[in-house]
Every structure is written in structure tokens, then in C-alpha cells.
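Paired with chain B in one complex and with chain C in the other, chain A is shared by the two complexes that follow.
And now, the complex of A and B:
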């Protein structure tokens, strides 16, 4: 039976921001639809409305011409709208089967039978009785998909599904999605990755600033045309860096980095050894949750591990805390910019004062030197083109891109010899990503080094001189990035090996 | 259907205004309770909130009660601002009083200008030491400071009990559970003839000024603020987390110890079992009612001190137990938390009927 989903004049207004502005879209089963847009374009709001998480201020949703009342996720389920969120809603310590049986209405025996049918039909290989925490991200996602399939959905919405997947897992996902589509499930695919839209979807709706700006057949689109629609301006293409540094001094050297944690949700790190040369960018690829968090914290000094040796500019710094490491001209940009790199409730200048050198004199004799901090902050705001000049503004009012510029600016204005950053462009829009990539390239051009821990392979290939992959707390051999392809990285990131 | 959403931005003015709303609601709530108990609510509230401070003596009593509350709350604000939940100020007060009182007893038959400063100093150190116990256990053994600091309250109270009935009891005291009277040199100077208000109030005011300076103008204050908002950020910035926990507990304990020593060298003049009507616990309410702001705490300590006085007046004139004071203190906290909830979240009532009509 054909499914027809129609969104009519949906509006949702938040204080100070119109998330959805009179959005109307029509979807028919048999096709895969992409909903494309930058962060903050209103995709998530629309999806949340469709899945009953939030209610629109205005407008209606029709499924096969029936007006749907979606006031809770339960209503969405009842109306056969399935949703796989970017962040999985699974109990890590329960088994796959237990997770699936939580909201099931039938007895365990017939449920297991139906799950097995689905596994067989779609060629999923998942052991139903292992705890979810032992599964890879791709497998977890399959569990979420199975949960939806059990309710024989008419509509399946996938929210940024590939952000945690390897290349292989992504391919597998696409095959499954195409199968679902052939069986008459209407698929709405939310993403900001242009290539995926082109390779998977039949029709693409682009959203910008809460509005639908274009609906078109993907066969008529190219990466550039879609990107321009998404951003609303022509994008300058960044040149891939070619200057591979040779025979340069090693500025940073890590030996015997081991980390054992009692916490089952942390990853143990096993004997990591690597070094960074002057002016070089060392990329560390991997799917999140393979030890990047722990590695970043050890490199920044938030976690001190015994027996590890970290040599920076010929000094042993393994026992120093982050503040002391900064004095040696290291800088850190953590993944979590909202609640770690900055405090949303603090004003911009107070957030700037978090990175505080002896020589910066922010706190002379233990007293706050507000004037100095504010001057310094103003300079960061203008040098790194943050779109405000008000240092008294609370940083929660900065957009993700501007906040990241502020943080990078704070870390870089002191001209560090080594910047360690972890997913610096995560969740940012194309404009901000470009700016940050340019900044990171500029650092290397000035003979300063960077360590880029990232889950975005495209970013790694664009910026790194050498790349290693971290998988389950172990580091692969370090390869020159010119020899690396996305496929190779994908194999390593998924735990495979290459010659 | 009711839906609760977080507010994006809370106006600062409203943030400092809600304590007043809480106080008004407490008074209204109190009126209702009096009415149910069969009293004329207006008259009862008058006995509670106006009669106690209608003369100079009453006003001095208000300041007398507000002094320890203010001191302790100032100390607690350091802990609470930095996410350290010290709820054992009552124990730190008691221990400060024990140490300070011990020194005072050493000099029970001596006079000298140096005695009072020594006693005060001993009290502060006593409180500081007692607060260090939960702090050290927290930093080095990962214990929960809420439990440890609370349990230590009973340790110090029982120790005081033991001392006043045992080794320190007054040899000429007919076995009453109390020590000798302190000598005049160990007593806080009175500010006015005939009133009980004493020089301890200057200690409280000094603590207010000093805490304002530390919290808003120093690196330590900045670190406390950041740690309170995000421990992750504090770690990332490289603040010495352990040292800071020790420091805020020491400040907090010293303030509570000072409050304790102020009581025994001020109105009481000796050690006995009942040196504090739970000032250490009530000060938690004071700290939050004052929004952890030094000047807010002055105001809050006066309001809460009034509930102590009102309860005593009500006991005399209306024959209701003075424990109604605690009812009022409880109501203040309850209404403050409730209005804070409405301040930080908004409640939406979705009109279901309208939606259903569409079908």
C-alpha cells in the first residue's frame, strides 16, 4: 500500500528564533527523501514534530490524508512513524533482546521469532543475547532500526545516521535503506553530508534558516549546487595541503601511553607511541568511543597516567596538569565545546580567562585584572571574526560556529607550538567549518604543529600530513596521508587490517 | 496536558526578586496555618513578624540572631558556589565552640586583653579543622561530603555533651550539664548597655566584605565560580581541584567556628548542651535565600532571624510551640525552591480539546 506523508504549513517559533517557518513538504513511498541543511536550519525541529517530541505552533501533518495528532512520541509510534535518532536510546548493560522487548506488546517467544525473521530478511548479523555495550555503533543502529521494523512502520526517519559509522557500515546501511524503500516504507533521511544525499536519495529538500529553499531530484544536483543552496552563498574551496614535512625536528613525543580504567564505559588505551614534527598535522581517525576521549584527556593533562613519557620541546611533561602544560605552549580544544571548553553561563571575557598564562597577567597577585582580560578578549573577537564585539555577552548566546571560533581564538592567540584538537568542527555549518579548516592549515604554515583527533574522515584527509587510526584503544601504524584513502581508513576504523 | 520546558534566559532582576516572592508566600502560608489553628491570622502574624522588632531590645535581638546565621551562610556560600555540599556547619559551629570554649576555660580566672582574640582564633581554627575532615575524605578517598559532614554534626554534639557533663563540667555547678562561666576577658564586648548585641556583628560584617572581595575580585573566586558551573571545565582549565575543595571547606568551617565562638563568648558566656538552635542547618536556608550573594545573605539572615524571634513571641502570647519557627523556615525554603522551579522552567498547559475537535 502506498504511503503519502504531507506536511502542511508547519511553523515553530522559539524565543528569538524561528525554527520552522511555514514548512510544507510532500513525501510518497517508493522513494528515499533527503532533508538537507546546516545545523540550525530547522531539520531537527521538523523531525521532532514528525516524531511527536514537540508540537508545532501552527500547521498540520497528514498521513494518507488523515490529519495526525502527534502530541507525544507514542502517537508517532501508533501512526507507524519510526524514528532512528543520531544518539541511540539503548540500555548499554542490557542485552539486545532485552532492549527490544522493553516496549514490545507481545510475549518473548513470538517477539524473538519476529526479530529473527527480520535479521534473516535483511541479512543483519547481531547476537541477540550480548549486552549492547559490546556492539559497534553500526550494530547498535541496527538494533534501533529493528525496533522500528518490529512495528512495521510506514515511515522511517533517519537522523544523521552515518555520523558514527565506518565507511563499510555506511554502505551496509544504504543497502538496507534501499531494501526498505523497495518494500514500500517511506524513508526520510536527515543529513548535512552532501555526498550521501547524492548516492542514496532520490529527492532532496534543502532547508535554510527554518525555510524550505529548494526541492529537487538528486539526479539534477551536484555537490557544489547542493552546498550553495544549503549555505546560500558560493563556497570557496579549500586546497588540500600538500606540504609534507620531512626531516623536521620531533617536537612532541609520546611513549608507552597506557591507561586502564575501572569504568566499563571508558576505553583502555594500550601502549600508544607516536610523535609529531614541527609544522605537522598528525591526524588520529576513529569512530567515537574508541579511546579518543581518554587520549585527549591524557594529552591535555586532565588525566595523569603513570609510566607514560610525554616529551614536549625536549622537556618531560607527563606529570604536569593542563595549566602547567599551557605554560610550555601547548593548547587544547576539546570536543565538548558547550560544557567543557567553555561555560555557557559565563561571559565571553570570563571564558577567555580560562586559558590563563603567567605572562598574560590576567590574575596579578591572585586578583582579577578585568581590564586586561577584556582587552585580550576584544582582540580575539576581532582577530577570529566572532560575530560580536560584546565581551560581556554570555557565551550561551553564541552559535556553535562562533563559540568554536572564540575557543580556537583563545587557544591560538598565545601562539602555541602545539594545538591538540578533538572534533573541532563537529556539528558546525559549512561556513564555520571552512573558517576553522583554514585556521588549522594556517597554523601548520607558521611551523606550528597540530594533533587532530577527529571522527570526520574527510576533514582528516584534508588537513593531516600523517594519519593513524585508533581502534579499541590501540593505535594503527602512522601513515602519510597521501597514501591513505577513505576506504583504507574505513577498514582500519572498523577494526580490520590493511597491508 | 501539562508540559514543562526549560527557559532559555532568566532575567537577573527576577532571579534576585524571587526570594521576596518566597517570603510573601511564606507569610501568606503562615496566615493560613494560623487560621486553621483557630487564631486570627492577622493578629498572629503581627505577633510573629512585627511585635518582636517593635522596640529597640527586639531589634538588637534580631541582629544578635542574624549574626551567626550570616557568618555561617557566608562560609557556606563558598562551598555551595563551588559544588561542595557541606551541610555540617552545625557540627563545625559546635566544634569551634568546643575549641574556643576550651581556651576560654583555661583562662577562666584570668583577665587580659589578649584572651578574647585567642578564644576567637581557637574557635575559627576548631571549625576549620572540623570542616577539613569531610574535605580530606572527599578529595583523597572519594567519600560523599554530604553524608560525612552531616554525620560529623552528631559527633561534635555528643562530644560537647560528654565534655559539659564530664571533664569540663563546673565543679561548683551542682552537676548541671554546663561549664564554668567564662571570665569577662573572654566575653565579646557589648555594644550598648542593656542590650545583648555584641561585637561579633563586626566579625559577620567583615566576613561579608571579605567574601565579596574574594568571590568577585580574586583568582580563587574565579576558580570557585567556574568549578561551580562546570567541574569538567575546571579540570580542563587545570585548576587545582583538590586544593580548592580543601580551601572552601576551610573557609566555611572557619566561619561556622566563628559563629559558634561568637555565641558562647557573647550571649551565653559558658559551654552547655544548647549552644545553638540549629543555626548551622538554618544557615543553609539563609545562604540560598540570599542567592549565595554576600549582600543577599545579610538580608536573608535578618529575615530568617525574625522567624526565630517570632516563634518565641508567638509561644509567649499565643501559646503555640516555638517550633513553628522551623515551620516558617521550612516554608521559606519550600517556596523559594518552588519559585526557582518556575523561574527556570515554564509550565505550558496544552489545550487538548482544541486539537481533538479537529478530528
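And now, the complex of A and C:
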């Protein structure tokens, strides 16, 4: 039976921001629809409304011309609207089967039978009796999909599904989605990745600042046209001159890095050895959860591991804490901007002061030198084009992109010799990503080095001079980035071998 | 030494009796915590249960009403906690502490007229078997119905959490309230129910003290047992069976060290008094070493306030 989903004049207003402004769209089964937009464009609000998590201030949703009242997630479920959230809605400590059985109406035996049928039909391989926290991101997503399929949905909404997947897992996902589509399920695919829209979807609706700005057939679109619609302006292309000179000094050298943890949420690292040359960017690829967190914390000095040797500018720094490492001109930009890099409740200048050096004189005789810190902060805000000049603003009111600019600015204003960053553009929109990438390239141009730990393959290929892949705590051999393709990276990130 | 076999039987029987309030309160609190709510008001709810049970017994002269009433009073006082933390979104820790202070004060006030009144004998089951079978008699028989219930409770709790749909829902809410809410589970309702159940069990634990264990009302008669119950839940890493083991060890060493003091061992009394606390912690830490299992049993959202998106 054909499905027809229509949303009409949906509006949702939050204090200080119009998340959805009179959004009307129509979807029909048999096609895959893309909902494209930057962060904050209102895509997530719209899908939360469709899945009943939040209710709109205005507007209606029609499924096959029936007006739906979606006031709770249960309503969406009853009306056969399935939803796979970007941040998985799974219970980590429960087993896969328990996760699936929690809202089932049938008994466990027949449920297990039905799950096995689905597993077989779509070629998924998942152990039903292990706790979800042991699964990879791709498997977790499959669990979410199975949960939707169990309710034989008419509509399946996927919210940024590939942000945690490898190339191979993405391909598998696309194959499954096309299968679902052929079976008559209406698929709405939310993303900010342009290439995915072109390769997967039939129709694309672009959202910007809460409004739908365009609806079109994907066959009439190209990456550039979609990008311009999404951002609302022309974007400059950035290209890095790859640095392949072999005889430069090694500025940073890691030997025998081992890390062992009892914590099932942490990954062990096994004998990592690598070095970074002057003016070089070393990229470390991998799917999140393969040891990047631990590696970053060891490189920054948050975790000290025994028997590891880290030589930086000809000094052994393996036993130094983050502050001491900073004094030697290292700088760090962690993945989690809100909880690791900055304190959201503190004002901008206070966050800047957190990164104090002997030379910066932020504190005198135990007292805060507010004037000096504020001057210094102002300089960061203007040098790194953060869109405010108010250093008294609480950091939590900055958008992700501006907060990241502030953090990078704070780290870079001391002219460090080595910057280690972990997913610096995670969750940012295209404009901010461009700015951060330009900044990182500039660092290399000034003969300073960077280590870029990232889960974004495209970013790594764009910025790195050499690339290695981390998988289950082991590092692949380091390859010059000119020899690396996205496919090769994908194989290595999934644990395969390319030789 | 008079350590003959029947004496050991009587000793074990008395150890079991002394651990009942801990088992009841800790089992109740365990369910509350498994749903992600940290209620530090256990001591307060117990003492309220103790005075309401005793007062109702004196007023109505009916033990059944007294027991049910004590549980109801636990429910009512935990409802205050539930309303504050779940509906008004107050901090769990602060609210729980306030509940304990409130409970101790209120019980002292209500209990003024009941000090010195003798309690009523609580019926014990199988009293003839207790006398006739050596060793096993005093262990298995001659207890109140509440004791049998208390010893079944950890197993029932375990079964509830592991095997039933509702138990699964409770664990899911404790793991991730946001996901649970997005799955259409009414998180606030589940947490309310768990809080009220915890209150009922704490009320019963209090009534056991004032009606059965030492049948009389003494101000502050729970004497920190609520805090021990809270600690048991954490050190038992949210496993009902380990709560039972911990409660027995605590009860056991409390009784044994009293005997040791009476016999006159040349060990400082202060050390002996501290022994139950020390040994319980050591034993529970040793049996709960598997960090993987701890992760799987720990309610991830414990103590965190849950806001529902609107």
C-alpha cells in the first residue's frame, strides 16, 4: 500500500530561535527523501516533531490524509512512523534482545523468531545476547533499525545515520535502505553530507534557518549547487599543498605506547609508535571508540602510561602533565568542546585564563589579573573571528563553531610547535568547518606541526600529509596521504588489511 | 566453652533476625536506585515507618493494621521525595538528606507519647518445630512472617529485575531515561512507582524494628541502619543477592562482636564496634571486583535529574 506523508505549516519556536518556520513538505513511498541542512537549520526539530518527541507550536502532520496527533513517541509508533536517532536511543547496559523486547507486545519466543527472520532477510549479523555497549556503532545502528522494522513501519526516518559509520558500513546501510524503499517503506534521510544525498536519495529538501529553501530532484543537483543552497552563499574551496619533504627534523616521537584498562568502556592501546616532522600534519583515522580518546589523553598528559617514551623537541616529556607539556609549546584541542576543552558556565575570558602559562602573567601573587586576561581574550576573539567581542559572555551561549574557534584561538595564540586536535570540526556547519580547516593548514604553512585525530575521512584526506588508521587500539602503518583513498581508509578502519 | 551445636543454631537465628531491616530497606532502595533515583532518605523513611507502626499498634491493637500502616507511611513520606525530585526537579541528594532529617524530627515529635509503652508480642510461626529440631530448628523456624518475607525478597527482586517485563523497564529507565522516554515509556511514572515501593519497604523495615525486633518505641531507634542499607546497595553493586550476603555479614558480625565483648576478648571495644562496618565493606568489595559486571549493573543515570523535552 502506498504511503503519503504530508506536513503542513509546522512551526516551532524556542526562546531566542525559530527552529521551524512554517515548514510544509510532502513525501510519497517508493522514494528516498533527503532532508539537507547545516547544524541548527531545524532538521532535528522537524524529525523530533514527526517522531512525537516534541510537539509543534503550529501545523499538522497527515499520513495518508489522516491528521495525526503526535503528542508522544507512542503516537508515532502507533502510526507506524519509525525513527533512528543520531544519538542512539539504546540502553547500553541491557542486552540486544532486552533492548528490542522492551516495547514488544508479543512473548519472548515469538519475538526472537521474528528478530532472527529480520536478521536473515537483511543479512545482519548481531549476537542478541551481548550487552549493547559491546557493539560497534554500525551494529548499534542495526539494532535501532531492527527495532523499527519489528513494528513494520510505513515511514522510516534516519537522522544523520552515517556520522559514526565506516565507508563499508555506510554502503551496507545504503543497500538496506534501498531494499526497505523497494518494499514500500517511505524513507526520510536527514543529513548534512552532500555526497550521500546524491548517491542515495531521489528527492532533496534543503533547510536553512528553520525554513525549507528548496525542494528538487537529486538528479538535477550537484555537490556545489546543494552546498550553496545549504549555506546560502558561495563557499571557497580549500586545498592543501601536501608536504612530502623527507629530510625534515622529527619534532615529536612516540615509542612503545601501551595502555591497559579494566574499564569495558575504554579501549586498550597496543604498542603504538609514530613520529611527526616539522611542519607536518599527521592524520589518525578510525571509527570512534577504537582508542582515539585514550590516545588523545595520553598524548596530552591526562593519562600517564609507564614505559612509554614521548620525545618532544628533543626532551622526554612522557611523565609530564598537560600543563607542563603546554609550557613546552604543545597545544591540545579535545573532542568534547563543552566538557573537556571549555567550562560552559564560565565566561569567555575565564575560559581563556584556564590555559595559563608562566609567561602569560594571568595571575599575580595568587590574584587574578582580570585586565590582562580580558585584553588577551579580546585579541583571540578578533584574531579567530569569533562572532562576539563580549568577553563577559558565558561560553555556553557560543555556538559550536564559535566555541571551537575560541578554543583553537586560545591554544594557538601562544604559537605552539605542535597542536594535537581530536575531531576539531565535529558537529560544526560547513562555514565553520571551512574556517577551522584553513586555520589548521595555516599552522602547517608556518612550519608548525599538527596531529589530527579524526573520524571524518574527508577531513583527514584534505589536511594530512601522512595518515595512519587506528583500529581496536592498534595503529596501521603510516602512509603518505597521496597514496591513500577513502576506500583504503574504509577497509583499514573496519579492521581489514590492504596488502 | 559453651559453643555447642544448638547454641550456634540460636546464634544464626538471631543473626538472621538482626539483618531483616537491612535486607528490607536495601532491597527497596535497590529498586529505587535501579530506576536512576538516588534517595538518601532511607533512614528517615525507616524511622517514620517505625513510629507509625508502633503508634497504630497501640491505638488499634491490631498488628496487621500496624504493619500495613507503616508501609503506607513510608509510601506517603517517599511521595514527598518523589514530588520534589520528579515533578519539581530538585536535586536528589539534597532532597534525600532533607527527608532523613525531617523523618527523624517528625518521628521524635509523634513518638513523645509512646515512649515507655510496652509492645505487643508479634506472632511467630512454627514455634513448636523451633524447639524440637536441634540446630536447624532455631534457624529455619520460629520467626515472624516478616522475616520469611525479607529473606525471599532479594530473590524476588532479582527475578523481577532479570525476568519480568516491568523489571526490564525499570532497568531501561535507570540506564537511559532519555532513550526510554523516546521509546514511549513514561519515565516519571516508573520512577514515582520505584520511589514509592522503596518507601514502602523502608517503612516495613522500620516497623520490624519497633514491632518485632525490639517491640517498643525509642527515639532514633533505627540508629543509622538506613545509612548502612544505602551503603549495602552501592557496595553490593546493585545486585539483590549480594545485598542479602552483605546484610547477613553485617548482622552476623554485629552479633558476634557483642558476644566477644561479653566474653571479654582482649580487643578494644571500639575496634569490635567498628568491625561490622569494616568487614561488610571488605567482603562486598572482594565479591564485587569484576568491573565489567559493575558497569552492567550500575544504573547509568543514577541521581541525575531527567527533563522531558517539550
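We take it that the second predicted complex is superposed on the first by the 496 of 499 C-alpha atoms of A that agree within 3 Å, B and C clash if a C-alpha of one lies under 4 Å from a C-alpha of the other, contacts with A are read in each partner's own complex, and residues count from 1 in each chain.
Assume a residue touches a chain if its C-beta (ideal position, glycine included) is under 8 Å from a C-beta of that chain, and two chains touch if they have at least 3 such contacts.
The structure presented is a predicted model; accordingly, all values stated were derived computationally and were not measured.
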Could you classify chain B and chain C on chain A, in the superposed arrangement, as clash or fit?
fit
If we overlay the two complexes on their shared chain A, which of chain B and chain C does A:263 touch? Say first, second, both or neither.
second
After lining up the shared chain so the two structures overlap, which partner does A:336 touch, if you call chain B first and chain C second: first, second, both or neither?
first
Please work out whether A:55 is in contact with chain B alone, chain C alone, both, or neither, and reply first, second, both or neither.
both
Residues of chain A touched: more by chain B or chain C?
B
Return first, second, both or neither, reflecting whether A:306 touches chain B, chain C, both chains, or no partner chain.
neither
Taking the superposition as given, does A:133 touch the first partner, chain B, the second, chain C, both, or neither?
second
So, does A:101 touch the first partner chain B, the second partner chain C, both, or neither?
second
On the A-aligned overlay, A:92 touches which partner chain: chain B = first, chain C = second, or both, or neither?
second
So if I put the vertex at the Cα centre of chain A, how wide is the angle out to the Cα centres of chain B and chain C? Nearest 10 degrees is fine.
40
Overlaying both structures gives a minimum C-alpha distance between chain B and chain C, in Å, of 5
Both chain B and chain C touch chain A; at which residues?
55
In their complex, what parts of chain A are in touch with chain B?
14-16, 55, 67, 69, 71, 300-302, 321-326, 332, 334, 336, 339-343, 345-346, 350, 353-356, 363, 366-368
Could you please specify the touching residues of chain C with respect to chain A in the complex?
165, 168-169, 171-172, 175-176, 178-185, 291-292, 295-298, 300, 309-310
For a test of understanding, state which residues of chain B touch chain A in their complex under the given definition.
1, 8-9, 216-222, 225-226, 229-230, 232-233, 235-240, 350, 352, 355-356, 358-359
If we count contacts the way the header does, which residues on chain A are in touch with chain C in the complex?
48, 51, 53-55, 72-74, 77, 85, 88-94, 98, 101-103, 131, 133, 262-265
